[in-house]
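Handing you a structure now.
Chain lettering (A, B and C) follows the sequence in which the chains are written, and residue indices restart at 1 in each chain.
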Amino acid sequence: MSEPNSAETRSEQTPAANGLLDHMYVFFDDVRHRYGFYALVLIVLVVMPLLTGQYITAIMTNALLYVVLCLGLNIVVGYAGLLDLGYAAFFAVGAYTVGILTQEFGMNFWLTIPCAVVTASIAGVVIGGPTLRLRSDYLAIVTLGFGEIVRFSARNLEITGGASGLAAIPSPSLFGWHIDSTLDFYYIFVLLAVVACIASHRLHNSRLGRAWLYVRHDEDAAEVMGINRVRVKLAAYVIGSIFGAMGGAFFAVNLGAISPESFSFEQSVLVLLAVVLGGMGRIPGVILGAFIVVLMPEFLRELGSLRLLIFAVLLLLIMLFRPTGIWPDRRS
Amino acid sequence: MSWLEVFFTQLSNGLVLGSFYALVALGYTMIFGVIKLLNFAHGDVYMIGAFCGFGALSLVSGILGDTWLGLFVAMLMSMVAVGFLGVIIQKIAYQPMLAAPRLSILITALAVSLVLQNSALALTSGEYTAFQTGLGYGGVDFGAVFIAYQSMVLVGTAAFLMIALEFFVKRTMYGRAMRAVSVDKDMCRLMGINVSRVIAITFLIGSGLAAAAGTMAGIYYGSIWYFMGFLVGLKAFTAAVIGGIGSITGAMLGGLILGMLEAFGTQIPFIGSEWKDVFSFSILILMLVFKPTGLLGKSEVERI
Amino acid sequence: MLLQVDGVTLRFAGNTVLDSVDFAVGEGVITSLIGPNGAGKTSLFNSVTGFYRPQQGKIEFDGNRLTKQKPHRVTQLGIARTFQNVRLFREMSVLENVMSGMHCRTHCGALSAVLRTPRQQKEERWIHEASNECLEFVGIDHFRDRLATNLPYGYQRRVEIARALATQPKLLLLDEPAAGLNSGEKDELINLIRRIRDERGTSVLLIEHDMGLVMQVSESIHVLDHGRMIANGTAEEVQNNPRVVEAYLGQEEEELEL
C-alpha cells in the first residue's frame, strides 16, 4: 500500500525546485558557513531594535518567547512523538511559580528560576507519569484534560490570584542593571532563545535524543534494545516542561502581570500549530513556525476572528498535503 | 429541600445530562471501533448539530411552529445534514491519513476540530445564540420536585434513538458489518464487505446522533455557542472510556453514569458546580490509568 | 547452564501456549529450538525476553531471575534478540539503528548532553566506535549511512544482528534468521553464527525452520510441539527420535488432507 506522505515520493515530484535547496544544504554543510550565518543572524537580532520602533521590538520579543516554547514542545511532540495538547500547563507553572514567589514572598527573581525548574519537573512527572503508558490517542486527550485542570486551578485558587491573576510582579535586576524596559527584555529573550536553540540541538544529537527517536519509531523494538521507554518518555516531558517553564518565568516578569487566560487550550494549540507548521522535529522549522504564528496575525489584523480560522485551515492543509511542515526537506 | 427531593431532582438532571453524553459517546465509540481513531472533532460535530438544529428550526417554524413538531423536524434535518458532514470529513480528512503515522491522523483530527470551532466562532463572533422555542415550562410536580415535560421528552427521544441504534447494530446487515469491521477490518475486505461504505455509514450515524444531542441541548439550555462542543466532547469521551471504548452498550452506560456522577457531584460540598469539570477530568484520568478497558470493554493482548 | 527455563506455562485466553516447558542453554553453545508451526517457539522467546508473563514457572539467566522483568531489563542483563519480521527503525540510518544497542551500555543523560561534558564526548566517541565495529563484524560497514529500510532484505537482517550485538549480549536469540535468504546467504549466516560464538564469546539460541541449516550449525537441538518440549539432544539424536518425526509428519499429513 503506498504512503502518500513519504518524503521520497514528494521530492521526486518536484526535482527542479530541489536543485536550489540542495545547493543551500550543501552550502551549509560547511561548518564555517554555518557559523557565519549564525553570527549574521545574531548581529541582525542585536541591531534590529535600534532601527525599528518599540512596537516591533515587542512583537519580536513575543516571537522569541514562542521560539522557546515551541522548542520545548518540539522535544515532546517532534522528538519523542508524544502528542501533548496541554503544553500551556508547563508555561503556566513557570509563570505562576515566579509570580507567587516574587510577589507574595519577595524572593529575588534569579533565585526563583531554579524553583521554577523544580516545579516544572514535578509537573512533568505528575502529568507524564500516569499518561505515558497510554496509547497516543488517549495521551492527547489526557494531556488536554491536565491542561484544563491547571488553568482551572489557576482561576479558582486564592494563591494564584483567582480569575484576575497576579499583578505587580517586580522586575528583576542583574548586577545593578535594572531590567524593565521593552529593549531590556528583548535582549533577555534573545539570549533565552539562543540558549534554547543550543540546548535543543545538543539534545537532539545525543544519546537521549536518539533514544527519543527510537522510542518514537518503534517502542517495542526500542525496549528490546534495552531502552527503558517509560524513563525516556518521562525525560521528554520533564525537559519539555522546563523549556516551557523558563518561557513562563520570563514572560511573567516581562508583562509584570499574568492571568489564567494566557494559559488556555488556545495557547497550547498555537504552540502546537507553530511546531507542526514549520516542521516538526527540526529546529529551523520550529523557529520558522514560531515566527509565522506570531507575525501573521499582525498582517491579518483586519480579519479579527477569522485569524484563528485561517490558522486552523492552514493546519489541516499542512497535515493533508505537507505533513513535514513548511521547512523544506533534504532529499536523502 | 429534603434529601429525597434533592435526590429526585438530581436524578432527573442526571438522566438528561447522561442522555446527551451517551448520544455523543456512541459516536466516539463507533468511530473508534471501525477506524481505531479517537475522533477529536466529534465534540464539535455536536456543536454544529446544535447550530444546524437552530437554523432548521428557523426554516420550518413558519410552517410547523416552534413546539414539538417543528423541533422534531428540525432535529431530523440537523441529523441528516450533520451526518453527511461527518461522512465528508471522513472522506477528505481521515481517509487519506489512515496509512500515515499515528501522530499525523491525531493532529489532523485536531485540525478538523479547530476548523469547525473557528468557523462557528467567525459566524457568531463568539456570542451566545439564543435557542428559543415555543415550549412552555410545564411539567409535573412531585411534592417539591418539579420535572419538566421538556426533560421527559428529551430523555424519551434519546432513549428511542439508542434503542433504534441497538436494533440497527444487532439486526441489520450494515449494523453487523460495522461490528465485523471493528473486529477485523482486513478479514472483512477479504470476505467482500465494502469496508469504505461501512465506515461512511458509521460516521453518518455517529455524527447524526451527536447532532441530535446538540439540538436537544440547544432546546434544554436555551442557548448555543461555538465552544459548547469542547467540554461536552471531552466528557462524552470520558463516558465512552468508562463504558469501555468500542462497546456500544458501554457508551450508553458510561454516558448515564457520568451524567449521574456529575449531577450528584454538584451536591458534594467542596466540589459544588465550580469544580465539576475538574471532577470529570479526574475521573477520566483515573479510569485510563487504572482501568483503561472500562466496564464493558475487552482487554487487548498484544502479540509481538 | 547460562539460561535455565523451569516448568514455564503460558496461557492466552484459554489456550495453553506453553505447557510446563523445561529448557536449558549452555554457555558457549549454539542451540536451536525447532518445532512445527504454532508450537510456541516465538512465545518462548517472548517469555524469556519479558514480553509475555508466564503464569507458572521460573526463568534464570546468568544467576539472575528473569520472570517478571521488563524487556529492557532483560536486555541490560545480557540477552539480545532479533525478530521474525525485521523491525529496523524507519527513517534512520544503518549506523543509527546499530547505535540503539549501545544505549543500555552507556549512561550520559540530558544535562551532560546539553553541557557537552568531556565525559559525554568520550562516551559518544565510544558509541560510534563500538557500533562501527559491530557493522564491520557483520560485514555491512559500507552501508553505514544508508537508510536502513532501503537496504535489500538480506542486508536488513544483518543490520538487525549487528544491532543486537551492539548490546554486548552474553546470549543472542535469533528468531528465524534464515527466512527469506537464498542458499549463498544461508551459508554466510552459518559462518556468522559460528564467528559470533567463537570470536565474541556470545552463546546463540536460534529458532529455525530450515532443517539443513539447523543440523549444520547446532550443537544442541530442542524440539517443541504444541507447547511441550518433546526432545532434545544432538542433531543425530533428534533426527532419529520417533516423537520428533511424528510431530513433523503429523503436520504434513494435516496439510495433505487439506
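As a convention for this text, a residue touches a chain if its C-beta (ideal position, glycine included) is under 8 Å from a C-beta of that chain, and two chains touch if they have at least 3 such contacts.
Nothing here was measured: the structure is a model prediction, and the numbers come from that model.
Enquirer: By CA centroids, point me to the most central chain in this structure.
Expert: So the chain nearest the centre of the shown protein is A.
Enquirer: Using mean Cα positions as chain centres, tell me which chain lies farthest from subunit C.
Expert: So the chain farthest away from subunit C turns out to be B.
Enquirer: When the C-alpha atoms of subunit A and subunit C are each averaged to a single point, how far apart are the two points in Å?
Expert: It comes to 41 Å between the two C-alpha centres.
Enquirer: Centroid from C-alpha atoms only, then distance subunit A to subunit B, rounded to Å. What do you get?
Expert: 33
Enquirer: Find the geometric centre of each of subunit B and subunit C from their Cα atoms only, then give the gap between the two centres in Å, rounded to an integer.
Expert: The computed centroid separation for subunit B versus subunit C comes out at 48 Å.
Enquirer: What are the residue numbers in subunit C that touch two or more other chains?
Expert: Correct list: 51, 83.
Enquirer: When you check subunit A against every other chain, which residues touch at least two of them?
Expert: Within subunit A, the residues that touch at least two other chains are 220.
Enquirer: For subunit B, give me the residues that contact two or more of the other chains.
Expert: Within subunit B, residues 304 contact more than one other chain.
Enquirer: Please give the residue numbers of subunit A that touch subunit B in the complex, ascending.
Expert: Counting only subunit A, the residues touching subunit B are 1-5, 77, 81, 83, 85, 130-131, 134, 136-138, 140-142, 144-146, 148-149, 152-153, 156, 220, 265, 269, 272, 276, 305-306, 308-309, 311-313, 315-316, 319-320, 323.
Enquirer: For subunit C, which residues count as touching subunit A in their complex?
Expert: These residues of subunit C touch subunit A: 49, 51, 70-72, 75-76, 80-81, 83, 87-92, 96, 99-101, 103-106, 108-110, 113-114, 116, 120, 123-124, 127, 147, 163, 167.
Enquirer: What part of subunit A is in contact with subunit C in the complex they form?
Expert: Residues of subunit A touching subunit C: 198-199, 202-203, 206-211, 213-214, 217-218, 220-229, 235, 239, 332.
Enquirer: Which subunit B residues qualify as touching subunit A in the complex?
Expert: Of all residues in subunit B, those touching subunit A are 37-38, 40, 92-93, 96-97, 99-100, 102-104, 106-108, 110-112, 114-115, 117-119, 121-122, 125-126, 230, 234, 237, 241, 274-275, 277-278, 281-282, 284-285, 288-289, 292, 304.
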